[in-house]
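Note that subunit A is present in both complexes that follow, paired respectively with subunit B and with subunit C.
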Partner chain A sequence: MTTSTGPLVLPGEALDPSLIPSHPKHPLRLGPGLRHIPPSDIVPTVAGQLTTNSHKNSLWVEANSNRYIPQQNDPILATLLRTAPDSYLLTLSPHTAPASLPHLAFEGATKKTRPILSPGQLVYARVALANKHMDPELECVNPATGKADGLGPITGPGCAFDISLGFARRLLMARSREEGGVGVLEMLAGEEPGITGGGLSFETAVGRNGRVWVGSESAATVIVVGRALQETDRNGLGMEGQRRFVKKLLREMK
Partner chain B sequence: MPREAEPSLNEKQFVAQALQENLRLDGREFDQYRPLELSFGDQYGVADVTLGRTRVLAKATAEVTVPYADRPLDGVFTIATELSPMASPSFEVNRPTETEVLLSRLLEKTVRRSGALDTESLCLVAGQKCWSVRVDVHVLAHDGNLIDASCAAVVAALRHFRKPDTSMDAGVLTVYTPAEREPVPLSWLHSPFCVTWSFFGEEGDIAVLDATWLEEQVRVGSCTVSLNKHGEICQIAKLGGTPVDAVALLQCTNVALARVKEFSDMLDAKLAEDAKRRDKGGFMAELRAENDR
Partner chain C sequence: MTATAAPEAALGVLPRADGSAKYSHAGYTVTASVNGPIEAQRRDELASEAHVDVIVRPAAGVGGTRERHLEVILQSSLSQIILVKNFPRSLIQIVLQVEDSPENDYVNTKIVQASLNFAVMPALMQTAVLALLSAGVPMKATATATAVAIARVDGAKKITVDPSPRDIETAQSVHVLAFTSHDELLLAESEGDFTIGEWDEVYETAKGICCRPAAAAKEGMAMVLDDDDAGGTDMRQFLRSTMESKVAADLHWK
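Let's turn to the complex of A and B:
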């Protein structure tokens, strides 16, 4: 594995130079939670675990916070507040400034064919523009290909659940099981041997703003998946704990 | 004033639909409470009640004041509720929301007006001096069902509270410190508890106990019943919302009585446990100079 975890760091702490990766070709990339103070100081700005990737020559601080700050390219689950003349206004988290989603930022949308959304509708979108002093801008289409790539208004039966930002990040990892330590979804879907009664069919949409939508035809399935996710998040369950909780949920479901 | 963040349309529809299928989002039964946890502080009169993710802290204090002119033989008893922005960003200091007004009114009716505390026992010198007992309710986290949690916290704090002992000698009132004389408990007559039902569905035919914050935002009506373990109802509040069938309401009060008996037993057990923890084996044991090794 190219990603390695370092020690816990506190804001303002001096970093041990041996922890900073070096690469012959790539420049050093700083991720969230670190700040470069010229000429040569790297200082953590949040408390968390220092993590490095030697392949990409990058380092960042893994921290779990409650307040979502939009970053470009984050997938997010937003709620529609109201419609403006040429865009929709959505809220990413309660009591923050709304983000705007242009009417034409949907797959195949023109002035006449744009989707009509009602207030309160959940939308799965990507942050297209996130500047510090501006309201964020969203899009539901990949501007390079013109395809939706799974983004768009969320319809169909299902429910959104609140999770912590760190857990949302772990769920979104390409290998969430190995790197993020989250296996409840696979266990519930019956992809893990040794768990009977799995094989539930459901779909999820994870937003980096700490919301996850679980959709399924059966309401019981949605509730079981949502509870498994929230329990794993709130109680910090490990793999064994997750397995035990999923077994308990599946037993209760019968 | 910041508005409370509303749940999305998808969530509202799902909660309503799941309740039609006899399912709740956290997997509870309709008449099941979240686990109620109660702990007391080091001081007398501090109670911390946790109901799922809702957390309420109540603190009782007492001071000597002048009684009201129209009630010279009664002490003063007040309950102060203030919802701070810590519970939810939509609460502002010094600007009571509807939730806050309703909460303080219900606590007032349940605890004060039902005569749970014998205010005549708080009188020290008729018309001149009396105890003023005050309970401050702090909501630390808000995840629905504030009323039940606050009421349990207030009752627990008052049952746990000890006021300084006093004596009257030739017209001189002496208030003793805890070191001089053991503080004395309040004269407590009965322990009322609130049980809140939330109603869902077109006709309000689905009744649910201990609604979470999301469920509270979706419900069509609610009804708070206050009663003690003997089944004596102190008040019923059904403030607006969809009309509910009277027979269903009767059924609700029966279930509420069972819950209140559980709460009463739990509170008694916790108070006994706390008293045991504080009991160091009498006065002589406390005066002992020997250290624990």
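Let's turn to the complex of A and C:
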């Protein structure tokens, strides 16, 4: 493990210099919750746990919140509000300015062939531009390769659920089970031994903006998976708690 | 008599808000919700910074001129500690609902229109700061606040921390002071007759409560408050321990 957890920090507190990692080659990278005041002060801006990664020479403040602030390259799940002349306007979180998604930012889209979306459509997209002075811009295509990479309008039966931002980050971890401590999806899919009645078939799309879409042909499966995710988030269930809750849900499903 | 009950706080009490806190101290109970940064209305929009909107609601009835006065004072103080420049053209909304205020044992009061006075200011300020921390709104520093009353008892001067309604009635002057976590004076409001010398004493007393260094907590209390047995709680330590339990609950999966 190259990440190590530090103490609790509150906004404006001075950081102990011994906690700041140093690396001979990489420049120091500051993550969320920290700000750099030139020339040499690093000050936390939110309350949370200071976390450092000595390998990448980075540090950030780990905290949970509910309000999404767009950051470049985040995968997000947005709802289409309306169509503008050359872009779609989508909402990332309630009561915030809409983000724009150009009509041509889809895989293989040209002026003649572009996906026609209607208001209310869910779109899985990436934040292409996030700037505090401008409304965010999205894209559903990798600009380097021209491929969709799994992004695009979400089709098929399913439902979107609201979760906290910290839980969304945990679900998006490459090894969410080992590092993030979320195992409900594997348990429901029947990949965990000792849980009978699993083996549900469903798909998910997790957005960093605190929304997760669960799709399945069976409405009962969508509800069960969504409930399992929300319950794990709100009640802070650990691995054992998740196992117990999944068993209970599966029992009720029959 | 001063209500010497230790302050109590709970964070995240309102599930729908981005951040919320319930705080009770010295007979006052206040619940706050924070939403933001969200889209500001055209008339509130500021081109280069976030607009901080504070709404104070009394325990009974609707808010009047007093509440507007408290709102203006809180709004200007809180804008100083929130990093408003990070969110231009947006709005950070703070709603403070007073739930309970101490009763005056000497006067029969009908709660038709609960009138707020200065003594509620520290509770409002503290609740707002806790709710902002709970919402993860980026801030320059945290803040702590306290109220101090000066009364003349048989010609002798008596300084009361966290005065009760009776203390305020008999007091010559009431002062509310708030300090940032960098020991800077954030807010100083006074009413009544007092001299510069008295104000200096009030300042020192309030500073002793709000800005006690963590290590010297014990000596500081004895030194600064030796003329006041009621003493006061170490507000900064209280803020820290409240946030510690919140962060620990959020990061239970680590």
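We take it that the second predicted complex is superposed on the first by the 254 of 254 C-alpha atoms of A that agree within 3 Å, B and C clash if a C-alpha of one lies under 4 Å from a C-alpha of the other, contacts with A are read in each partner's own complex, and residues count from 1 in each chain.
Going forward, a contact is a pair of C-beta atoms (placed from the backbone, for glycine too) under 8 Å apart; a residue touches a chain by one contact, two chains touch by 3 or more.
None of the values given here were measured: they were computed from a predicted structure.
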First (subunit B), second (subunit C), both or neither touched by A:I195: neither
Subunit B versus subunit C as contact partner of A:G166, first or second or both or neither: second
Which of subunit B and subunit C A:E252 touches, first, second, both or neither: first
Subunit B versus subunit C as contact partner of A:A130, first or second or both or neither: neither
Touched partner set for A:W213, first subunit B, second subunit C, both or neither: first
Contacts of A:G226 with subunit B and subunit C, given as first, second, both or neither: first
Subunit B versus subunit C as contact partner of A:Q49, first or second or both or neither: second
Subunit A: partner with more touched residues, subunit B or subunit C: C
Touching partner for A:I20 - first (subunit B), second (subunit C), both, neither: neither
Contacts of A:G238 with subunit B and subunit C, given as first, second, both or neither: second
Contact residues of subunit A, present in both the subunit B and the subunit C interface: 94-95
Subunit C - residues contacting subunit A, complex: 15, 17-19, 35-39, 81, 83, 86-90, 133, 135-142, 180-182, 239-240, 243-244, 246-247, 249-254
Footprint of subunit C on subunit A - complex, ascending: 5, 8, 10-13, 33, 35, 43, 45-49, 62-67, 69, 94-97, 132-133, 166, 170, 180-182, 234, 236, 238
Parts of subunit B lying in touch with subunit A, wherever the complex brings them together: 2, 5-12, 14-15, 17-18, 21, 23-27, 89-90
Subunit A - residues contacting subunit B, complex: 79-80, 91, 94-95, 118-122, 154, 157-160, 213, 219-220, 222-224, 226-227, 249, 252
